[in-house]
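Next up: some structures, all given as structure tokens.
Two complexes follow with chain A in common, the first pairing it with chain B and the second with chain C.
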Partner chain A sequence: MRPILLQGHDRALTQVRYNTDGDLLMTVGKDKVANLWYAHNGERIGTYEGHLGAVWTIDCNKPTTLVVTGSADNTARLWHAETGRQLHMWEFPTAVKRVEFSRDDRHVLMVTEERMGHKSGIYVFAIDSSSPVQSSEPVAVIRPSPSKATVAAWSYLDKYIVAGHEDGSLALYDWKYEELVQRADAHERPVTDLQMWKDGSYFITSSRDKTARLFETSTLNPLKMYKADTELNSAAMTPTQDLVVLGGGQAASEVTTTSTRQGRFESRFYHKIFEDEVGRVKGHFGPINTLAVQPDGKGYASGGEDGYVRVHHFDPDYFKFKYDY
Partner chain B sequence: MAVTYTFENLPASEEEINYADLESKFAPPEQEETLENVVVLDNLPVATPDKIEKLVKVLTKLVFKNVGKVKEDGLHMPMTEDPDEPKSKGYAFVEFETAAQAQAIVRAANGFRFPGGHHLRANPFMDVEKYSEVDDQYRAPPAEPYEEREHLRSWLMDEYGRDQFATYSREELGLYWAETAQAPEQINARANWTESHVQWSPLGSYMCTFHWQGLVLWGGPSWSKLMRFVHPNIRFADFSPSERYLVTMSSKPIDVEAVSAKLGPDAAHQNPYTAADQGNSVCVWDALTGSLLRSFPLPTNADGSPANAAWPQFKWSPSEKYFARMTFGTSISIYEAPGMGLLDKKSMMTPGVQEFSWCPQVLTDPRTGAARPEMLAYWTPEETNLPARVTLVAVPSREIVRTKNLFSVFFASLHWHPSGKMLCVRVQRLTRSKKARFTNLEIFRTGEKEVPVDVVELKDSAVAFDWEPTDTNFRFAILHTDDPTPPQVNSGGMALSTVKTNVSFYSFERKGKLVQKEGFQLLKTLENKNTTSLKWSPHGRHIVLATLRTTTNGTIEFFDTEFDQAAAAKSGNAGDAITLLAAAEHYCVTDLEWDPSGRFVATWASSWRHGSENGYILWDFRGQQLHSATIGDFKQLAWRPRPPSLLTEAQRRQVRKELKNYSKEFDDMDERKLHAADAELMSQRRRLVSEWESWRRQVSEFLSAETDEALAAGYALPIAADNDDLVVEEVVEEIIDEKEEIVN
Partner chain C sequence: MNKTSWADEVDEPQAVPERQVIANADGTKTVIEHRLNDDGKLVKQTRRMRDKVVQEHVNRAVASRKKWAKFGAEAGSPAGPQLSTTTVGEVVWLKLSQYAAQQKQAEQEAAEQEKTIKLKNTRILCRICRQDHFTAKCPYKDTLVPLEEITGAAGAGAAPAADDASAAPAAEAKSSYVPPHLRAGGRGASSSLDALGERRDDLPKIRITNLSEYTQEEDIKQLCRPFGPVSRAFLATDRETRLCKGYAFVTFYDYDAAERAIAKLHGYGFDHLILNVEWAGPRQ
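The block that comes next holds the complex of A and B.
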């Protein structure tokens, strides 16, 4: 499994994401650029340029016609996927940390940072994919409290929005009524990533408390827990094998004092049901900031603080791997 | 009588106010006439009236001295009523200014010896009263019901003969059985079980946990609390060799009042301290009953300033009859147990003393079989006209058994062989030019008559020394290097670079056919190593060379000193049998410990020294890794020691002979256990999978119901992600013909 190294960013990666078909890979980083790549060979298709600050997050709709990005320049932008033309710009008082298209592509959620007296918010905007003109008026705004939201995702059938918070808790919001349905203490430290299973019925979270956990969406019941020996920045699930991938490493500020061996910059694979660690993939020489698994389960991509995206395609042995039971 | 004032009956002037109630409330308590400052002196010389004055003078001058001041007319000496020959009755009541003075006098004057052979007896007057009230009739105390204590050595009866160890990390203190083929089996684990570290008693009966209030002993099959020792701010604890006594030391001196205050009025009886313990820091306890035997202050230098409080404070003789403490550079104080008194009431003056240690065993005379007196060894450095000297002293007689003078000594350290039959003094010497250092090993054969001394001279500096614990050939390994300056270390005590070292093995050769000269012979030297530590297996033969506490290296090498017997027989040099069995790597390892049976080696990386990859690895004696665990903030691992084996030498030989039969049995046992564990793991996994699958079925039913509902409410399903059967329609436009027509 020789990875493809994508060198399209000259600063730390913030998010990598595959499109629904799994043929395209979107990456964003602190260098203000969003890149689009062919997933199978790592050829760059193009960039989405216009942001004036670090780009924190990216997503596209199911047919990959529209791309939305969120940035530290306090804007979120909608792009024409194919041409890279900017279609719309939403403006916020603070940075946009996470965007995600709803399952029916009719809405997009945006999580904003808490800063300078402005509370963190989860905004929901309607998206009209038939027209280039979009509304700047949010359909719904959720104000998480007491702690700010760090990540959010759409539940099954777009019924709820699940959010992870700075204080390690999770919350289930009925976004149409801007109401909190349920809250649960999940982690001891901030939640750093939250990725849904394909049907939206359960999801994985990663946290700085060195664990990743699996929760049922409708009840927020904890299902599984994966213990790592380092702070985690991202967690993803493989759709075909019962595995999860975790990534992290020592905080960026401490990295220079340690060798790569001590930094624990490997992607770690755990068995989803048995919670055992089954393997590690080395390569990055900085903490892994973001992970994404190809929707067909044939590969995964990791983006690191070191500015590299590593696209891995699994070996045939991987597909033969089976746990005895 | 309290009067309640209202607006109607307000007094006209201040004088009229009735303060009676306040006065009675805040009146100073009436001074009680106590007799606590009165001392009864008995066994005084009988004196006629003309001599009484002289006697009083003697008492004041010699006995009371600066300790206490007698009150005016405070001395009362009753006289006989015989008018012809009035004389004193041989006792006196003395009233001192304060009770504290009286107490000090009781301590100082009791046992004072008058020239005439009178042993003065001093008692507080209150005691006389107390004891005179005691009923003369003996009444047996009610017998307390017998409480069966748990078997403290139950762990030795483990069906598989396994060994236990304790691990301590931030999360918990855990106890485990070491396994050969599987992960260690957990016995018990508790969070916050100890506050600083964990320690076993020397024979493994007790596990000690440390708390700010004191020390707690745990043990038995249920791991219940066996004993509690109140000693606030405890830092260290140490048992006597057979676990009879316990010595503890605190970071702050004992404050009796504070202990009582902390315990609260209900538990005041648990305070073991009295005024005499005030300000002391080291306590000696009876480990079985939990009672305080004596407390000691920390040692002071000659000028009274506090000396460096080394640990252990006391070293115990192997019989536990004596324990001794050294005042650096001046003397060694030997105390007796259980009496706790200073042996012969004076310390042994040993000017310049740097280090001392007890012979670890009570030796017996080889001919008569009678026990020989216990021994301790110490060394003193060179002083103006005196050479440095190693001295062996018999205790309690204080007779010098052997001394040896040494020259150009820079430093020395004492290494007793565990059998007590050899003492190696590692002497670091300076060359004549004083520029370079080298090492001499002065080996005292303490087991033999006259204690002959062998000298092994090395060309370079020895930095570590370890005896093989068995006493068949008195082998030892020594780590030596040309460059004895230790490498730079970081704040956690981890060396930042490695030093090239050599490891040499020596053994004691008795006079025989092949050996002309009796003495220590070099077996083998392993050169150019990075080793920093040597550890023999508790049963000898195997040795581990490790690079500990080094950031760049963590090599662990397992050697067998009797592996290649054929090669040794061929060359005639026993050193050729020494063979490397395995070399392994444990990143940033800080500590290494053999288990007491010599089957396993544990290495660990402790968070006390650094923060990366903390955890432990278990190896077997051949260097095969058995189990590794990475645990956040892992601090410590401690094997539970075993008491010495009860088998005789003949029985051991028998076991060794039939080892093949036994090993078959144990292999079968391991196999069975492994199968059982496998089956258990498999069934657990099957359970997890079926749980997961049934949950998924439930969820998909729930989802399909929800989907129907949502669709009814107008939700549009997104485009299916798997578009295998998607029909792609492509509209191809073809220009068939082009015509230009002008339309009117």
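The block that comes next holds the complex of A and C.
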């Protein structure tokens, strides 16, 4: 396959995400801009400009009318997807590390960083897509403890919020009552990514402890574990084939001491059920920071520390692959 | 206007005939186009084609998003991917295989085999049976004694039989030249050196890198002497400039001394640079 290289960022990528229909790709990086692209040909539609710091995260609602971004300038912003106009701004005491629209698009969760005496928090805001005015008052605030939350996602039916923490643990929060339902030790080191299966019944986490794991949402029971030989920054699941994609590489601060061959900057494909590695894709010359699989399973995108987004469309061979057992 | 010269005729811009579309009876159409090529000559192109309507169903929302006007940094850009932001990368392969891990191992083995084949070209001789394989892989390894030992023993046994030790080889090599190290007399002289050379490899050796270019061999000796007696200190210098190339090898007599030197000197600041000290492994 021939990847499409997107050079919309001057600095490291922080997140890439497809919209629900899979025709658009949103990318954010540490260079203060959010980019919107057509997924099929890599044409840039526009940029969402206004943030004053690194943008950590991005998401859009199901009909792709609203886009929300979270940034290190201690704000989260709501944008009109089609025109790039800023609609609303939420202010926080610290940086926003993860945002996600709920499944019904009526809420958005925001995970904030723990810094300068301010505790980390998971904020839930109501979104009214019919009105131009949004509320700045959170519907719910969860304070993860003892360790700060690094990632979070909505569960099935928006019943819970699942969060991954810096100490490697996972927690299930009943966000309406702001209380902890369950906690589970999952990883030995910080959880770096958490991506839900499309129905929210299970999810995959990646961690710096060089593993990615699959968990059942309702019980936080571990289902599968994928062992890699490097620290992982992101993990995603492919919908048509029973595969998972993992990405990572040596920590950014140590990259200059090794060559690309040693850095292990490939995306790795593992079989979701048998936990075996089945393939690799080379390309980045820095660690992979973020991965996203197209919702129809026909391709995937990876964003690296090298500032490139690589959009891959799978070859026909990929769809013919069958695991013998 | 009357043309006065043939040269004017050439300069006259040629009129390009209009595009012609002729509908044929069998449902196809013939398109005749004229254009000027790079040499300024008129080219006529006739194509016969058939229109085929292919219906494709697209998500309504996706179709409407394809018409979005560009905004932000892309405002006003023409439709289609821009070269400044979007390029097509080199082909990469995703070969999904259940045995990916095993395959990798097989690849490594293949590389190793290639290496042995390369070595084979340099002629391998078993010390035991004189066949072309490594001594370690000899099938008679456990049952036979190396040939050299036998011949060596035979030589030793034969020596007393001869008048004196040097006479026997000298008699053999009367007609041809024998290099000094093979001569019986020379052997004694060079053997001590050989032994030393062998021993030198066994001595603990460390490699010091990230040296500044003004380092002298004496500096290296001074640096290493406190840790124990130094057998040899070698500083790599540029042949022309005589400046240090940035690395040095130091051989100690004592293993502990070398270990101490690595522990103390690794990360030690010397001449504005931080030294990198490690065991001098075999060359890759």
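The rule is simple: the second predicted complex is superposed on the first by the 325 of 325 C-alpha atoms of A that agree within 3 Å, B and C clash if a C-alpha of one lies under 4 Å from a C-alpha of the other, contacts with A are read in each partner's own complex, and residues count from 1 in each chain.
Throughout what follows, a residue touches a chain if its C-beta (ideal position, glycine included) is under 8 Å from a C-beta of that chain, and two chains touch if they have at least 3 such contacts.
Note that this is a predicted model, so its numbers are computed, not measured.
Q: Should the pairing of chain B and chain C on chain A count as a clash or a fit in the superposition?
A: clash
Q: Looking at the overlay, does A:T83 come into contact with chain B only (first), chain C only (second), both, or neither?
A: Only chain C is touched by A:T83; chain B is not.
Q: Decide which partner touches more residues of chain A, taking chain B and chain C as the two options.
A: C
Q: Which partner does A:E43 reach: the first (chain B), the second (chain C), both, or neither?
A: A:E43 contacts chain C only, not chain B.
Q: Would you check which partner chain A:Y318 touches, where first means chain B only, second means chain C only, and both and neither mean what they say?
A: In the superposition, A:Y318 touches chain C alone.
Q: Classify the contacts of A:R280 with the two partner chains as first (chain B alone), second (chain C alone), both, or neither.
A: In the superposed model, A:R280 contacts chain C only, not chain B.
Q: Using the touch definition from the top, say if A:P3 reaches chain B (first), chain C (second), both or neither.
A: second
Q: Is A:K210 contacted by the first partner chain B, the second partner chain C, both or neither?
A: A:K210 sits against chain B, while chain C stays out of touch.
Q: Considering only the touch criterion stated at the top, classify A:F92 as touching first (chain B), second (chain C), both, or neither.
A: Neither partner.
Q: By the touch definition at the top of the document, which applies to A:F269: first (chain B), second (chain C), both, or neither?
A: second
Q: Taking the superposition as given, does A:P63 touch the first partner, chain B, the second, chain C, both, or neither?
A: Both partners, chain B and chain C.
Q: For the combined three-chain arrangement, which segment of chain C clashes with chain B: 73-81, 109-117, 163-171 or 235-243?
A: Superposition on chain A puts chain B right on top of 109-117.
Q: Once the two structures are superposed, pull the chain A residues common to the chain B and chain C interfaces.
A: 21, 63, 323-324
Q: Using the touch definition from the top, list the residues of chain C that touch chain A in their complex.
A: Going through chain C, the ones touching chain A are 59, 61-62, 65-66, 68-75, 77, 79-82, 84-98, 100-101.
Q: Which bits of chain A are touching chain C when the two form their complex?
A: Residues 1-8, 21, 23-24, 33, 37-38, 41-49, 63-64, 82-84, 243, 269, 271, 276-283, 310, 312, 314-315, 317-318, 321, 323-324 of chain A touch chain C in their complex.
Q: Which positions of chain A touch chain B when the two form their complex?
A: These residues of chain A touch chain B: 20-21, 62-63, 103-106, 156-159, 198-199, 201-202, 210, 216, 218, 223, 229, 258, 261-262, 273-274, 295, 323-325.
Q: Touching residues of chain B toward chain A in the complex: what are they?
A: Spelled out, the residues of chain B in touch with chain A are 587, 612-613, 630, 632, 682, 685-686, 688-689, 692, 695, 699-700, 702-703, 706-707, 710, 715-719, 721, 723.
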